[in-house]
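Following this line, the structures themselves.
Common to both upcoming complexes is chain A, partnered first by chain B, then by chain C.
== the complex of A and B ==
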């Protein structure tokens, strides 16, 4: 009944003011489809992209990234920096000034107490908050007055834009979530499904793993926005079906993350109802090289734990393996306009990206020559080269996924051409990425010589991500096989340089160190970058104002979306 | 008959306990992790904390016992409260207020009570799969009867051919095929089911029909294929019996022979097959629901499986187990009712 009234209201608004362009709710309904269905609208309890992005239409952070990866003030007047005095000289404190007059969708004022509460909510020891890393290193959050938030860090923090910045760290309303701290978080169904926010829309009805209906927020700060009166946010199905719904049948206006083969996308585009848009964040498809010995004959405490690998540590071997790969072909086959040749561990932002010679061209002859020169030749005539008597025979694993299996087949062929033997394995994604310490098939355990997957980082600062190359982050039995240094890369110079990065505040210097660290990993046999992957989404031709943002929620500027009359 | 039914009902309790225990243990042994879908950018320590908050680390038997108490004791209380509070049927009774805030079965994905989501999903499934079942029965029975009566006629051959296609072509082929034809090319029906549609006017009823047609067709095609084969086989069995010849010999018309004598006897096995198939209506049609984005029970189960949402998977499979046990009992009883030769006492 409530929904019907709202719809009628929306229809009435639409009928009365068709000419007024910039008026709240004048453009009727917008329909968004995500092929992964949102389960909860509280990003602190889920961390899944689908949940973070759907919630980003309702709850908002203090500042967020725009499509260029630059910070823009959202609920504050300006982004604090050392230059404007918002960040203390010793880099241990950041002061946010909340914009005056902001209100929640229920009409109550938005104050610094809400921001402080959000910090307490996420850092509660029993809450199981998914965004805990956002608050890493924070020692206190103080509220001198209603509009000022002072975040103090334990030590100098060159990048203080973790807490309350970006779609993953929005502000919750203290009044609504007061009883949901810690272990009670899971019992707050009503709050988790209908959070009160400052965003352009409010939830009308939330059907978990199915559909969300939203209506324009009457108390949104810009009286002319959002242009749409209602939103239908459908979840579920497949990337294929959501692409069809936007570009071929025109049933929906926006489809998220179409991970489909380039020819499939091209075919859909012929439908003429919508078009794909691509954006590039730091997502990199790569092959990780195991720096430890994955020999199955080793015991559970030694396999993929003891160094070195019998031959993958040899520069001639990993360099030849990289030279044998035709990256432009991989991009063309696997990703089309949603991919670029990947040459750097940190492919974006541009200023952090390193490159290496010969990244874009395949050189099978050069690879063979390099192996010959290093004395790695086929001495027993079985077609496989040996290094110190050990044949270059490898197991190459990845998750089950059509594009990845295509890549495996191609790369296997190239590597066999330069005299290696390659055995392929693919493992269901939920197991491979599952992190179950008891399973031999997780990517952390790495019971193979090389493995392929994609990884990325949030925001624009790669410091934490570059930390994935530190010696002590290697997964091993003592850490229950947890850890981000998947290739078990270990180099003193790298650790030292990374420590330097964490002490450096100057941006140009950080970028130089970042490039150096990135190059260090690729040059020293940590990994082989393959494809810099973009995000491909699609919107209807009649939907205006869409700006694809890979640095934050894709729906970051949904308040600015409007209907183009056609 | 009554004592038989009661005996079977009592016997079904240990059966269901056993089933639930086996399912629970199987799920415990299965690989997978509820945090698998959380992005790689969330570090392992944080994931571990999230797992703790969900209660994943507890010993298996403790988890099982908690689940059993929640499903067997707390959820019924919530259900009875709802019956006496909000329903027309029992609303006149005083509100029982049995439930007072104990922890219900909570889904790991949504952090909300599993039963609430199931209740939310059942209408979609019942509408689509239930109607498909009814359509299939209405279509399949006459086809089966006529094909058997005119065995090896053109109609029978054509029927056999079509049912073979129905048997062998999977819904993940027919579904997208229909979408390509009717949604993409012709634009007659929507390819995505709108679960927010409330049927409160003729226009909305028409929309509801439009969005139901394709999934119902796909499902009904499959069920028709199965049922019409059963019907045909059962009719053929009976048509060659001595009593049919006797009936004809004593001068009964073909109508009476076929519709009264043969059909009634042939229906006995078919009715049991239909009854046994009813639990599958509630189970939904996992693939068809996914293809047409009908967010019903089947889609719920498959997403829960992918997300390793054990409480949800466990509760859904248990409900299916209960339905299957119940409808087996009903089928057995129906058998006795339809066939006087069968006596259970």
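== the complex of A and C ==
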């Protein structure tokens, strides 16, 4: 049966594919729904995923990541490397060769001047560019001829694929944006709402925070693409409503990022109009352990600033806490096919993921034995163990979200079984992740013993992300509570090894150091990894060519989408 | 013209005499009760409120399942009555009303949740009633206090409850938690915030009634014989404004239960594993189609309680108003 279905499917694909690819605009309309509505189509003025991804149908970068996390040339002939001479030996220069004959959607030629302009646009001292980090360390962008771009960095850069790579760093047309430099950037409404691009579609009408209608780009480089003549890109609603619209009622063809419990998704799938697809990036749901003392009796300059924590720094304690967790059950309850057991701080790409023996097995007895052995026992008979007279009583906080509250209830139950006392707190997500230095409830302030959230990084190189474990990245009053080292992990060996990583160019060596850093933080009480989360989107059964990409815009290959006749 | 002369002088004296009461005298409260009993809705409302209050008070001693106990093997069970039309449903007598996605018993959660919701409702209602009546009476009786107190009422009316609660949680959560524990502290905080944002209508109604009543002759008479203002308020004014107070009390209880539900629904409030009706409702929304009972049970409980309290208030108003009584 399975085989037969597969064969039929393959046969059908062969039969339909030529027809579908035959002609531009032959497949009519495709409808996409994002439950967060795009408000601008210029990713340099907005960091929002919704804006970056909707714009990625119109404007494109020189190279981007495919679904495996590999760099693929997009508007260039090949990806420059040291091996093909595109990247200089001293790692300070990268040379891009633009494909010949590319044109903008208005018919004018695409040249290196546009690329250089994009650099100037984003790095203009008076402008507030949302993607400035992409251009960090760039000292100049030169254009020896119309099809060559040379990017020079201030120092050796082992990963020179920041500028002009990926959906967050596309190329703008110099002619269109010439008057929009610096402070004028946000006033150029016409340009920001209707950018001229090289992508498969052009905007016909843009209603901010509502609907974008697009039509096929007449000047797109592949004469047979895109298969769809028009696009309706609807924004707004909720994850639940957009999932229903694709899988149950069939009103839309593609729904983005459905953060819903697995049984809810399964119920929608029974609608039969569409199916969910999952892709795994480096997103990790984890519990951060506070390495400082969050005692409320401490003053504002000391609370969650001074070390150490009364008992969480004890290896027996954090190891027992990790052993008590049944990760496969968490995956089953919270994420289903959009989750895997997470054991490593950097769960993807595969080469950077460190492996741990037995992390997926729950061992309550082993955890209890470990605590007993370390002399952390219940000495006053109240059911809670003490370490040097301090009871193992913790506050466990996270953002308000149905799945996270289920996780809290389960983990609290396990931790109480090994003799801890757990108080749960959930905080509204906009406050928790809001980063307001005046609020005591942000995840950076960490006025709790442990907290749970998910984090990830863009692209495939985790160097900057691993830097989140450096001592000086800890949030504290002097930094206005900004900083990415949420657990306030601090270890000299870690800092030294990270410095070594930033000087290493060899890929295999980088991966080895990456794995070591990742293991160091979990082994020494920085965090407890829980679930490696995927991105879950859904597409209609009649929509073909969808390849979910978690390393770049989900709409990266929208030019290849086509309608399957049913 | 001569006036008709009575047949006998005796008959004339008889006619002037007071009639003997045919029945023994009745107390005012008995009249109130008789009138109240005529209001069917109020009787139902009162009965249901009594039932639900007793159920949440005594329930945990009869049905001794821990509402917070996780039982992952028995998760997602349906209520026992589902078996009537769906023989494949996962049901069992160990979970009479089914269980949620983590295997917590729905019946035990309903009882525990009702306890929290009712406690918040009653406490907030009583507190807001005390504040509202006090401000209303003072503003209505003492002319000098009228302006400042009513402007204060306007000020409070313009306070939005949700931002206020967020600020209050930020400021007072820690000290209250330290002295009363996480759940007790939150209870005090929620009750206080609901009370101080819901006393204003009561105050305005009471003030209006006091203003009208204090000009009446019997108050003038009382004042003329030297009764002190506080005696006048206690003896003459308060009993006369009792009916609007009772009605706003009933409505206040309903509002407090709904506000608590809304707060739990939004995730501001009690810890996430502490069941209340509002929180049960919020947790169940995602799986409304598969497990309608998880939305319906707490939803119906909230609606019926609020409805019964409203009917009760309606009946009390009719019963306490002497002008309506007897009709």
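Details
Operating definition for what follows: the second predicted complex is superposed on the first by the 545 of 566 C-alpha atoms of A that agree within 3 Å, B and C clash if a C-alpha of one lies under 4 Å from a C-alpha of the other, contacts with A are read in each partner's own complex, and residues count from 1 in each chain.
The rule is short, and it goes like this: a residue touches a chain if its C-beta (ideal position, glycine included) is under 8 Å from a C-beta of that chain, and two chains touch if they have at least 3 such contacts.
Computed from a predicted model, the values in this text were never measured in an experiment.
In the superposed model, A:181 makes contact with neither chain B nor chain C.
By the touch criterion defined above, A:439 lies against chain B and chain C together after alignment on the C-alpha atoms of chain A. In the superposition on chain A, contact of A:234 is made with chain B only, not with chain C.
Once the two complexes are laid over each other on the shared chain, residue contacts for A:405 go to chain C alone; chain B is not touched.
In the overlay built on the shared chain, the residue A:296 is in contact with chain C alone; chain B does not reach it.
In the superposition on chain A, contact of A:132 is made with chain B only, not with chain C.
Within chain A, the residues touched by chain B in the first complex and by chain C in the second are 431, 439, 441. Touching chain B in their complex are the following residues of chain A: 3-4, 33, 37, 39-40, 42, 45-49, 125-133, 183, 185-189, 192-193, 205, 207-211, 213, 232, 234, 236-238, 241, 244-245, 248-249, 251-252, 271, 429-431, 433-436, 439, 441, 455-458, 482-484. Of all residues in chain C, only 68, 70, 72, 76, 101-102, 104, 166, 170, 174, 178, 182, 266-268, 271-273, 283, 286-287, 289-290 touch chain A in the complex they form.
Within the complex formed with chain C, the chain A residues making contact are 240, 260-261, 263-264, 267, 296, 329, 333, 400, 402, 405-406, 408-410, 412-413, 423-426, 428, 431, 439-441. For chain B in complex with chain A, the residues that touch the partner chain are 31-33, 35-54, 103, 106-107, 109-113, 116-117, 120-121, 179, 183-184, 187, 190-192, 194-196, 198, 200, 290-291, 293, 295, 299-300, 303, 306-308.
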